[in-house]
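First comes the structure, then the notes that go with it.
To keep things simple, chains are lettered A, B and C as they appear, and every chain counts its residues starting from 1.
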Amino acid sequence: MTKLLIWYGELTTRRNLTRRGLGYLSPGMLWLLWFLILPGFVLVLVSFISRGSYGQLEWNFTIENYKRLLGFSLFGWSADYLRIILRSVIVAVVTCGICVLLAYPLAFFICGRPARNRYFWLTLVIVPFWTNMVIRTYAWLLILDPDFPLARLAALLKLIPDGSALYPSALAVYLGMVSMFLPFVVLPLYSSVERLDWSLVEAAQDLYASRWRVFSQAILPQTLPGLSVGVILTFVPTMGMFVVPDLLAGAKYMLVGNLIQQQFGQSRDWPFGAAISMGLMVLTLISLQLYRRRSKEVDIL
Amino acid sequence: MRRTHPLVTAMAFVTMGFLYLPLLAVALFSVNDTRYGLIWKGFTLDWYVKLFHNEYILEAAWNTLILAVVSTIIATILGTLLAIGLDRFPWGKKTDTVLDVILHIPVVIPDIILAAALVVAFGLLRLLSGIFEPGLVNMIIGHITFQIAFVTLVVRSRLASLGRDMEEAARDLFASTPYILRRVTIPLLLPGIVAGAMLAFTLSLDDFVISFFTAGPDSVTLPLYIYAAVRRGVSPQIHALSTLVILITVVLIIGMERFTRR
Amino acid sequence: MTGVDLESGSDPHQESGEAAHSPNISRADLDLHNIDKRFGEVHAVADVSLNIPAGEFFTLLGPSGCGKTTLLRIIAGLEVADRGEVVLGGDKITSLPANRRQVNTVFQSYALFPHLSIFENVAFGLRSRKTPQAEVRSRVDRRLEMLGLQTMANRYPHELSGGQQQRVALARALVNEPQVLLLDEPMSALDAKLRAQIQVELRRLQRKLGMTFILVTHDQDEALVVSDRIAVMRRGTIVQSGSPKDVYETPHTRFVAEFLGAANLIAGGYQDGCLETELGRFRLAQPVSWQEGTVAIRPERIRLSSKPAGENSFKAQIQEVIYRGTNVDLSLEPGQLRVRTGAEETFEPGKSIWLELPPEALVVLND
């Protein structure tokens, strides 16, 4: 006799529940399986095959693509791709760093507001976050335009030739990246700062700790969960972002994202593009694991 | 609460200003009465008017709308079913974890990887059927794929907060399973479903990367149009278009936040 | 540990004359036979058998975790027992799902449906059984009126106070004319004053309806006020059951003695009808089956006087005086004794006083 159980007040069997549950899960899960999981595996597969002369896929196994990524090609070793990867990492690190530096004061400021106003300020931070990334990015072309005060100032200081814009440049990319990813860091950090136990801070101040020590010993550790979530949500996506470098720095300042886009665009080298994506994917999966572990202590949305 | 240090406040405002600078710049120059350059020449709404006469823009707007509506509807249905299936049934801990990870992938993954996978998948599916040429169908499929995850997350958190009490009470009051679903669970879930739908809609409207990789020549959306136009050179008309898009997004977001706070 | 098996012990119920006003309530006895339930390692309900005659106000009393709520939910059909049978009015309902049992529950959190009006909340049980609209109207209106909620019919749960919400939960359950009404700690969310008032109202309501009520609580005052019969539960079994007076005045075990109010416990050896203790020799009025054991006496039964007062009396010193308005609590040594007495006299710590333990007040415990 199948064992009866009560689930949410209903008298039923485990088999019954499983059957009904699968009914609910199937449509969504099948979709994700077909258009997310399988394509993922296909992508992995494709990273191990080669490309024909017209850009078609030739199904023979090779690890050529990965070797290319590391610099080994038919023409000897070149550091081009590695340079791109390194640049992406640097951009990611610097962007994260600046975002963190800006996020802390903002988070503390919002927490300093009376509770009923905080929601208003948070919404204020969220709104730019939801705006289209293309718009937000190209807007910098206006701000960095030669006629605009910023570029005029730089020209006055002889930093750039007279009458030219502040783009395309690394500076423009950083400005774009930071403004893009700042809310990703502020929101989780705010979550942590809100839960801060100020008595620890006061205790540290009571014990004559210097400002810096108060921060590093009493505040930083407590906000670490939110901080880590913010960094995790920013680091890898920064590397994969191609819109910002494309609009603000052109072809000379490529990041990993641009490289991938190129393979699926004009270069028509899907296997190579797949290989690069795989590299990025590995970093993402590591991020994902860290996110799941840390995010249990932090709510974002 | 301790008083905030003036330096902190100053930095906070600088940061806020930094965040809003791009948006304000676009809005400002959308009403500037000059075709080129950024010198202020007077206020005008001409560019907005010109928008409505531009066929390409109108077509892109239409595509964007269709894409968002269709994908939102399908994603909301699939996502809600998924949320109920995940929360209201006793799966083992391992199964739960696996399903949870799968659900989080579209949320954490950089858009470009998802786009790459879709390009490759559609490339192969194209061999089976012509529907999978780059175009609106591909875009809808791509959008649904990442929308489902968000809808499920939102609906699921609402479900979790409902708890068992209601349904047990309904059972105690002679209700059958379909009756409970109809009269208790779904009505209580509705705010969450609507919030999820609005989230999905906004995500679709603003999406660039997925659309970029899956679009065909006839299926330009507003973000794609703006991108292509900007690469050719900025113009006030684009500013006007962008400002409108920003305003619509803001209205949607505020509406959505209001709804989730009920 | 085997449960206590009861087969209609005391006189089941005092017929309430008003029961005739509710002809739809059928008189049905509830029987539980050897109910057993485990949750993993925890043995929530251990072989419990009970008989609850129709129309009785029965209370399951015990500390949290003793299994009383689990037992209630098994009766409601919201838990499945591992073993045993639930019988209502002669019919086995053990395998009946909750939505087919003629039993309704008032939940601890009230579980009112926030998206439905008060009227629709109360009507829910009737609507799920497709009751015709006219009948729904009349029955719901009648119940709302009985519980003083007629003016709230179109409001929503979040607009009501805690006490009002509880009445809605009651109305919602009662409108279905169940054979048994189950109440799961319904007053835990209310403040003390409201609780006292509602306890009395609940009692009156039950008497008027003549319906079987089963209440679960950890509050012994509540149990004493409302019940016809109390079953004290501990760790999944019923340790003692009986009328409030029985359970309070003649507890069988130390646990029951201490759970239902304060008790002074005195240990000693039994010899020739007397208990030999450190405090002295006390004559007992009840027969004793053990040689070494404990007796209990309630603080209010110990008599005080300024001079020695006959048998079972001894001298003690006041340690602490706690004034409580209506009475005074004294703690005395030796023996860590507590005495409760009227507040007319003033007592001072440090003074000596004579205590008398009347033999009839000394209750012999089984453990």
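Quick note on the criterion: a residue touches a chain if its C-beta (ideal position, glycine included) is under 8 Å from a C-beta of that chain, and two chains touch if they have at least 3 such contacts.
In this text, all values refer to a predicted model and were calculated from it rather than measured experimentally.
Asker: Looking across all chain pairs, point out the one with the most C-beta pairs in contact.
Answerer: Greatest count of contact pairs is found between chains A-B.
Asker: If I average the Cα coordinates per chain and compare with the overall Cα mean, which chain comes out closest?
Answerer: B
Asker: From subunit B, which chain is the farthest off, judged by mean CA positions?
Answerer: The most distant chain relative to subunit B turns out to be C.
Asker: With chain centres defined as C-alpha means, what is the inter-centre distance between subunit A and subunit B in Å?
Answerer: So the centroids are 17 Å from each other.
Asker: How many angstrom lie between the centres of subunit A and subunit C, each centre taken as the mean Cα position?
Answerer: 60
Asker: Would you mind pulling out the distance in Å between where the CA atoms of subunit B average out and where those of subunit C do?
Answerer: 56
Asker: Residue numbers in subunit C touching 2 or more other chains?
Answerer: In subunit C, 77-78, 97-99 touch at least two other chains.
Asker: Going through subunit A residue by residue, note those that touch at least 2 other chains and give them in order.
Answerer: Residue numbers touching two or more other chains: 9-10.
Asker: Would you mind listing the residues of subunit B that make contact with two or more other chains?
Answerer: Residues 168, 170-172.
Asker: Residue numbers of subunit B touching subunit C in their complex, please.
Answerer: 165-166, 168-176, 179, 183-184, 187-188
Asker: Enumerate the contact residues on subunit A facing subunit C in the complex.
Answerer: Per the stated touch rule, the residues are 4-6, 9-11.
Asker: Mind pulling up the subunit B residues that touch subunit A in the complex?
Answerer: 1-4, 7-9, 11-13, 15-16, 18-23, 25-26, 29, 37-39, 77-79, 81-82, 84-86, 88-91, 99-106, 108-121, 123-124, 141-142, 144-145, 148-149, 152-154, 164, 167-168, 170-172, 177, 202, 205-206, 208-209, 213, 223, 226-227, 230-231, 234, 238, 242, 245-246, 249-250, 253-254, 257
Asker: Which residues of subunit C touch subunit A in the complex?
Answerer: 77-80, 95-99
Asker: Across the complex, what residues on subunit A touch subunit B?
Answerer: Per the stated touch rule, the residues are 7-10, 14, 17-18, 20-25, 27-29, 31-32, 35-40, 42-43, 46, 57, 102-103, 105-106, 108-112, 123-128, 130-143, 145, 147-148, 178-179, 182-183, 198, 233, 236-237, 239-243, 247, 257, 260-261, 264, 270, 273-274, 277, 280-281, 284, 287-288, 291-292, 301.
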